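What follows is a short report on a single structure.
Think of it as A, B and C in the order they're written, each chain with its own count starting at 1.
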Amino acid sequence: MSLSHFIAQWQLPEQGRYLYATLVVLGASVLILGLAPVLQSLPPRGRRALIVTVTFLAGLFFAAEFFLPIDWTAVFPKDDPTRNFLTPAIQPAQNVLQIIGALALGLGTYGLVRLHLRNVVQKRTQWGYSVVLLVAFVTMATFSILNTLSEKQLVTKTPLLETVFSILFDYTLVQLDAAMFSLIAFYIFSAAYRAFRIRSVEASILMFTAMVVMIGVVPLGAYISYTVLGLPQGPAPENADWWTRFLHSAGLPTIAHWILTALNAPAQRAIEFGVGIGGLAMAIRLWLSLERGVT
Amino acid sequence: MQTQTIWQRMLSIDRRLLYLLLFVNIVVFLLAPIRMPASISPPVQKFYDEIEKLKPGDLVMISSNWSASTLAENQPQLEAVLIHLMRKKARFTFISIEAQSRDISYRLARRVTETTGYEYGKDWAHFGFVPNLTVAIKGMVNDLPSTIKQDVRGTPISQLEVVKGVKSLGQYKMIIDVTPSGTVPIWISYSPKGIPILYCPTSVMAAEAYTYLDSGQIKGMITGAKGAQEYEQLLHIKGLGAPFANAISFSHVLIILFILLGNLAMFMNRVQARREA
Amino acid sequence: MDWILQFLPLGTERISIWIGVLCTLAIYSLLYRENPIYRFFEHMYIGLAAGYSLGPLFVDIIYRYWIEPIWVQGYWAWAFVVPYGMYLYFIFSERYGWLSRIVIGTLIGASAGLFFQEFSSRYLPQLNSTLQKPLWVSSANPDVTGWDVFVNFLFIAILLSVLTYFTFSYEQRGGVKRVATVGRWFLMIGLGAIFGNTVMARMALLIGRIYYILSDWLMLPLGGGGG
């Protein structure tokens, strides 16, 4: 029997489910959080052993699910011949990891709010900006939660809620986000002028490639090649001579595409292979807790 | 005080003047009535041909992971692709790994589908936001309804007509990733083999993806806003990509010109210094 | 006159657009110099972004994967997950800080375990594709031309030379060093392509903003465009 079927059997009775559920969650919270002082009594070695074991088991589950052959019917009877006995447990594992992932993202928000609350309480320099941040945070959090709940029909969607959320989201957050990231264009232009110096073979190759790509991939490249220079567009006819073939492939868009596929792709693949091998080594080190300072 | 030469003055130009120049350049070429058709690049053509192969009713998963920070690059792509999917009468579902992209893609899709009478729940749906894409894909391959559980409107997946009878991601006909971050390797790694993956990255990430195009791990690619312009041209529509095209072209000319000017100024400055020495 | 009436913030939609432009210009004021208006909008931006994320986090994840399964469907075993995840928040405590590493370990262990599948499906097909490139013209492959064969040889030569450049296990000397140098040059082609595309992406983002100001706010007819 798979884990999800097993868990599915542990269901609270329908009558008084809300009450029972609340009690169970309270109980679970007390139990798990109450475990903290007990775990605290572990010596440093025991603490590390606990972390190493949890890390190893989490990795082992996914590694084993991937590596194990699917045909273990003799040992673990299963309903689907295309999956091994661990595959059905992917479901609960994914749910758990999504929840933990969400809590981890919430951690950043909590840290940010904590820092700015402290700024305000202790009246640190420029604490006024922290007030702005906190007011924006509380307002947006309220309307964001209400809006998402209203989409699920858990609270009523009023026109006021829709208008305020739209102003906060579409016309403030989205605009600020887009403006903030578009600033980089100015800096990249200034940096290109002031710092991009052709002093070596490497820098020359880099700049030449960048220029061909920058002009070749945009409509201007096509305009220069096919309208101004009058080069023929598209593939050369079947039995064309070498000069016609050359002319057909001399357009800037064709050259830029050739650079990207024939010269850039293998260089990117080499980087990929490097990343892949490095990633595999890192994954094994992390899984076995050989990487210091992480777990 | 020694007077500065023209080359020295060029090298110490106020950066705000450069910013202004770029701004003016873009304003001028957004307003200028110049029409320059794009040359369709092969990855965009492949993207188009791949969608052309879809049959009415085929199910497509759209992974929309962009937020407002890359609005100008990803919005034209997603709009053009949605229009093509609707022309082919394909059904589609969304999933997002970024909180903001959930609302942006949901609102955008609602606006675009309204114009063609595509009905939410029947023809398309949004599965909402998941922070961990890797396990979400593994979960969807294994059992889609119990991984997603409910859509953004709180409807249980089992009651959504668009995915009626769908047990696994393996039953989808195509995956399209519209993204400004490294999500396509995750789709390549964990989605079922044999489902074509199409890629709409921001231009920053496009060069790196040519290795996947070469190996066939992705079947087509629309590179940023300029790729969207090419796609709009293939679809014969006027979207957001087209008005951006001239300004992109001429901002590139400006940058190239200024890289060359910067180098010339440095070179001349050195020559002059050597002569004086 | 009509244009001015349409331009002024005299309705919800126009007010909204004016707010959007105000936000954009406030952020751009940084380009002139650091100033209080920019700082105000910067903090507002961070506050809004952090606040906004709570909606999807709470409703799409916590409600969907935790509250509904327990309170609505009655699967009580899920009750333990959030308290366990809450161990992450011990990170702010000096005394109990180490407890957060148990949950971090779960996340790291899972990612590490998942990487084996990624290695096999992401990198091995690329190796496979490289090894399958035809290196001679033959009747078995009538579509492969002499030029294709040349490009394939070039592809493999670039791949190997860049990989040689990345090999740091031993000191590169003599022929190996020369190959590595060529590898570095080819790598520069890859980086040049990335640079060219990066410029294009960044320009597009700025163009998108200026388009918003010209088209949505000033309602100017924008001329150009594609074919």
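Things to note:
Following the convention adopted for this analysis, a residue touches a chain if its C-beta (ideal position, glycine included) is under 8 Å from a C-beta of that chain, and two chains touch if they have at least 3 such contacts.
Just so it is clear, the structure is predicted and the values come from calculations on it, not from any experiment.
Distances from each chain's CA mean to the overall CA mean are smallest for chain C.
Compared with subunit C, the chain whose C-alpha mean position is the greatest distance off is B. Between A-C and A-B, more C-beta contact pairs join the chains of A-C. Computed centre separation for the pair subunit B/subunit C is 11 angstrom, with centres defined by C-alpha atoms. In whole angstrom, the spacing between the mean C-alpha positions of subunit A and subunit C is 7. Subunit A and subunit B have Cα centroids lying 16 Å from one another. Along subunit B, residues 19, 22-23, 36-38, 69-72, 99-100, 103, 130-131, 135, 138, 150, 152, 207-208, 211, 214, 223, 226, 229, 245-246, 248, 251-252, 255 each make contact with two or more other chains. Among the residues of subunit A, those in touch with two or more other chains are 93, 95, 97-98, 101-102, 104-105, 148, 151-152, 169-170, 173-178, 180-182, 185-186, 188, 192, 207, 211, 213-214, 217-219, 260, 264-266, 268-269, 271-272. The multi-chain contact residues of subunit C, meaning those touching 2 or more other chains, are 31, 49, 52-53, 55-57, 60-61, 65, 110-111, 114, 117-118, 122, 126, 130, 155, 190, 193, 196-200, 202-203, 205-206, 208-209, 226.
Considering their complex, residues 31-32, 49, 52-53, 55-57, 60-61, 64-65, 68, 110-111, 114, 117-118, 121-122, 125-126, 128-130, 155, 190, 193-194, 196-211, 214-215, 220, 222-227 of subunit C touch subunit B. Residues 16, 19, 22-23, 26-27, 29-38, 69-73, 75, 99-100, 102-103, 128-131, 134-135, 138, 149-150, 152, 185-186, 188-190, 193, 202-208, 211-212, 214-217, 223-226, 229, 232-233, 238, 240-248, 251-252, 255 of subunit B are the ones that touch subunit C when the two sit in their complex.
Per the touch definition, subunit C reaches subunit A in the complex via residues 12, 15-17, 19-21, 23-24, 27-28, 30-31, 39-63, 65-66, 69-92, 95-96, 98-99, 101-120, 122-123, 126-127, 130, 151, 154-156, 158-159, 162-163, 166, 183-193, 195-200, 202-203, 205-206, 208-209, 212, 226.
Taken in their complex, subunit B has these residues touching subunit A: 11, 13, 15, 18-19, 22-23, 36-39, 41-42, 67-72, 99-100, 103-104, 107, 130-132, 135-136, 138-139, 142-143, 146-147, 150, 152-154, 207-211, 213-214, 223, 226, 229, 245-246, 248-256, 258-259, 261-263, 266. The touching residues of subunit A, counted against subunit B in their complex, run 4, 83, 87-88, 90-91, 93-95, 97-98, 101-102, 104-105, 148, 151-154, 169-170, 173-178, 180-182, 185-186, 188-190, 192-194, 196-198, 207, 211, 213-215, 217-223, 225-226, 233, 251, 253, 257, 260-261, 264-266, 268-269, 271-272.
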